[in-house]
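Labels for the chains are A, B, C and D, by order of writing; each one numbers its residues from 1.
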Amino acid sequence: MQRGWFARRSRIEGLALDEMNDAWVKCNGCQQILFARDFERNLKVCPRCGHHHRLSARERIELLADPDTFVERDAEVVSADPLGFPEYADKLSKGRANSGLPEAMVSGTCTLSGIPIVLAVADFAFMGGSMGSAVGEKVARAMEYALEQRLPIVICSCSGGARMQEGLLSLMQMAKTCAVAAKLHEAGVPYISVLTDPTMAGVLASYASVGDVVVAEPGALIGFAGQRVAQQAQVVKPPPNFQTAEFQLEHGMVDIVVPRKELKHTLHRILRFFTGG
Amino acid sequence: MRTILDFEKPIAELDANIEALKRITAEQGIDKSDEIAALERDRERLLREIFRNLTPWDRTLLARHPQRPYTLDYIRAIFDDFIELHGDRQFGDDGAIVGGMAWLNEKPVVVIGQQKGRDLKERQRRNFGMAKPEGYRKALRLMHLAEKFGRPVITFVDTPAADPGVESESRGISEAIARNLREMIMLRVPIVSVVIGEGGSGGALGIAVADRVLMQEHAIYSVIPPEGCAAILWRDPKRAPEAAEALKLTAHDALRFGVVDEVLEEPLGGAHRDPLAAAQTVKEALLRHLPPLQKLSVSKLRESRYERYRNLGMWQIATE
Amino acid sequence: MQRGWFARRSRIEGLALDEMNDAWVKCNGCQQILFARDFERNLKVCPRCGHHHRLSARERIELLADPDTFVERDAEVVSADPLGFPEYADKLSKGRANSGLPEAMVSGTCTLSGIPIVLAVADFAFMGGSMGSAVGEKVARAMEYALEQRLPIVICSCSGGARMQEGLLSLMQMAKTCAVAAKLHEAGVPYISVLTDPTMAGVLASYASVGDVVVAEPGALIGFAGQRVAQQAQVVKPPPNFQTAEFQLEHGMVDIVVPRKELKHTLHRILRFFTGG
Amino acid sequence: MRTILDFEKPIAELDANIEALKRITAEQGIDKSDEIAALERDRERLLREIFRNLTPWDRTLLARHPQRPYTLDYIRAIFDDFIELHGDRQFGDDGAIVGGMAWLNEKPVVVIGQQKGRDLKERQRRNFGMAKPEGYRKALRLMHLAEKFGRPVITFVDTPAADPGVESESRGISEAIARNLREMIMLRVPIVSVVIGEGGSGGALGIAVADRVLMQEHAIYSVIPPEGCAAILWRDPKRAPEAAEALKLTAHDALRFGVVDEVLEEPLGGAHRDPLAAAQTVKEALLRHLPPLQKLSVSKLRESRYERYRNLGMWQIATE
């Protein structure tokens, strides 16, 4: 491995993970070069430093859903450009190309270790997983379906926040998703919120924070203010783990931080509490 | 010191001239009423002209105008016997959100609002109207008090944003806002929100989930400040005026998107030129919107509030 | 007044306020000597430094109840000595003698500026206003009467905490009073808690903290741990106003701090919010 | 290092002798079984004698015994698949109170308990089992989770007191306890509390309002620590043993006062001599008490819990 590392260093240096198509990848945590196959087998967790790299929505669904059980819903709900916002149409095209998805959120039903659930997963490659009207609508519909079928719902967030390009309408998705979450809450339908890297701003300050159980992946960036804004506003010096999953755990906002390889099993154990007995 | 916006300068000159003439009349007993009347007509014409052509950025500046009436100004002008209540019963009392019991004519209500400061000291104490988690939690506590005793809730929205600092992050600013969104949707009493200045993103929304959202003519409501938007879009915060245009952050935009139910006219030249008249308009709107809401059954009330938010957004169905 | 102060200083020095029966009293706040008549007229608030001296239960009832409207209830409920606790019987006798009351709490009904309420007031002169079974029972009964009649209830606390001499039974009064408070809460019967100097420990950690509105008198000692324990436990240095009404206001535990001369009027305004419209 | 209480010393000697003989048997193959059996009979007799005459102060020391099983020991021994959940969703995660989801045989439950530390580092992290406001608020959050999903709540009580420090005072330790008392009374699911060590005043009660309160034989439950009581009564904390007597803080006193519903027998010599047996007794008691509670309607359940607490106390009617 060392040999490969030396041989390929110059070519690899500075390349983001997802741009690398060959046998080697560079860890975003420790900057070490890893065998792509080991890395993939390890669920994109660095075997050296434990850094959890982002998963696409499809990868996460594969991680959590029992094989061949995921049935997508609401795939036809996609973004419009209600404000005629500069460059938005382009960004949407790029988002579709980058992610291979029609929208930044994939939702549907599946079983998780045999337990039927509704599962919704955000994809960072589509405009940073940002929440516009379509994402809000898909979250709302997924929750409504969970409510109607009385199925537990698991939502994996991965988002920079509300989607600026839809202005106030994106902001209102915070209220909309929390409105349906309120119905779930009143009806006693279990809702597990999984926070992955990153879960920020308007997503964290809405549906992602009101789960019955809030699970996070190690090292995930989780916070309200963008790093720039947060740093400008600092009177108090931020601690080294500021806005990480571990920081949020310490401050009482997250129930449990779960390494990716235990995520499915842990979700199963939590789901059993709600559905079993 | 009074702030005068660039586009207010010609008006300020006329203001000064009119003042001077009035002073002469008062001090020297010389009748200047014809001249005054003429200048006042000029001023009115000028105001109408300037305010007919306001850009979204002009409105942003008006919404942030340091002389613009703030929540406590409206509370004083609109309600009888405001008893301010303090604290979230958990951590602290946030000066950026005020709230308490008050009377709207003959009816007891709970009033809550974001409060900016007038002078430097008050600004700091009130954190420039940027609420911390304890502010949102105080607000929620007071809403639950209102709910328990069947009193309607009125909120005044005026904040650049929720506080983005380390301490707010540590105490769960996201959780506090999210919880308010979830709880306000289900509150068993009517809620009317009035956006009176800056409707700054989630920080504003955290007290603005309501049965009726009213918005003053020159207030703004936006997912991101224009400066921040310009910085992201063009790496240049100075292009904020363009971003303000793009963001569709004016009251009439909000009305068009269904986010707001009514735009409240302001006195010519903006609320700060006649705070009492502005307050009177708000009061009349409250008195118009509250009684029909109070007549609804709790389930009807909650269901229509739910539908109001459930239906917000514009998306499309992919065909293919 | 200076003359009187010099003339009487030696005799007055070190006397507690309530032991002074003549024309002069010494302020516990600023240590100044005051005309007793001015002092009484000023509701035992020092006209110089604003220090609020303790009121007896009778005095506070006189302060709050409209003249001749207070009708006492449950005066027959008094302490037993369930543990046969050392010196308890003596302490009860002294408490009765000191306070002129059968128990550390007086409760009944009255009108406050015309609004009918249930009013319960603790008296510090009876064993430091401590809560044993009888006090707990009187609080519970007062609340039950408020519930039954759907009358707002105002409870003025003034207590060092649970009464040690009844052991676990005193501790259980915390749960008992909160149990009835829970019924008031569910029924939507207004409960205003007035914290006066001192409101501590088991009283603050039970019924006194769960009012719909919590009012405090300026400078009142309000806290959980006794000063000795609190000081021993300190890692963080306590602020100068530690465990005062103002400290509790600042930390979000008290709604409003009201000077005594405005107390009745403020309570009336708050009560109107509940009962009016 | 193992702590040996003064009255445990004769037993500890026998323990050591028995150990030594067993070692000889094992290492040298010499049969010492007769001697061992004799010593074991001696030990049992001695234990019975010592434990028949325990004073309240002895029990206080046993309740605080550093080898006594703590909440997490019981959780591990009694429940299947404990998933610890963290945080109050407001401020922090208090190590002095642990809680989460677990299975009691075939039934999902929520378990909450005060947790002391075993070694110095853990003791500090868990603040010696003295919970802060965020601990009581975490507990309440988990109780509401249990309520929402119809799962019974089991709490383990073991604390010298609630944390008395400046920070806890600042964040409303009194409010946190008081709120728990009020909310627990009305919780719509069964609650069973087990006092497993020190039932220290309001700090204990803050998670111990329950349909059934069980108490281990050598646990204590008191309004004030004996040392504090002696300091107040006689200005001499050293007279704590007398105070322990006066305070009636033993399990059987608590049973007599109606504060506790059942005293759980401990293994001879105290729970720390056989933690698994102690846990087995607790488990059996839980399995005995929970099912009838789960059969009650919510209103019946709440009403009997209410009555249980409403009727606590002993006072008299003045005649005259």
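Just a few scattered comments:
Just so we're on the same page, contacts are C-beta pairs under 8 Å (C-beta built on N, C-alpha and C of every residue); 3 or more make two chains touch, one makes a residue touch a chain.
All values derive from a computational prediction rather than experimental measurement.
Most remote chain with respect to chain A, judged by CA-atom centres, is C. For the pair chain A and chain C, the distance between C-alpha centroids works out to 54 Å. Annotation: 34 Å between the Cα-based centres of chain C and chain D. Centre to centre, using the average C-alpha position, chain A and chain D are separated by 41 Å. Residue positions 185, 251-253 of chain C are each in touch with at least two other chains. Looking at chain D, one finds that residues 89-91, 170-172, 175, 179 touch two or more other chains.
Screening every pair of chains for touch gives A-B, A-D, B-C, B-D, C-D. Those residues of chain A that touch chain B in the shared complex are 75-80, 82-83, 85-87, 102, 132-134, 136-137, 140, 162, 164, 166-176, 178-183, 185-186, 201-202, 204-210, 223-225, 229-230, 232-239, 242-243, 247, 251-253. Chain A meets chain D in the complex at residues 185, 188, 190, 212-213, 249-256, 266, 269-270, 272-274, 276-277.
Residue ranges of chain D in contact with chain B, taken from their complex: 89-91, 133, 137, 170-172, 175, 179. On the chain B side of its complex with chain C, the touching residues are 81, 83-93, 101, 103, 106-108, 134, 138, 145, 148-151. Touching chain C in their complex are the following residues of chain D: 162-175, 177-179, 181-183, 185-186, 201-202, 205-206, 209, 221-224, 228-229, 232-233, 246-249, 253-254, 257, 259, 306, 309-310, 312-319.
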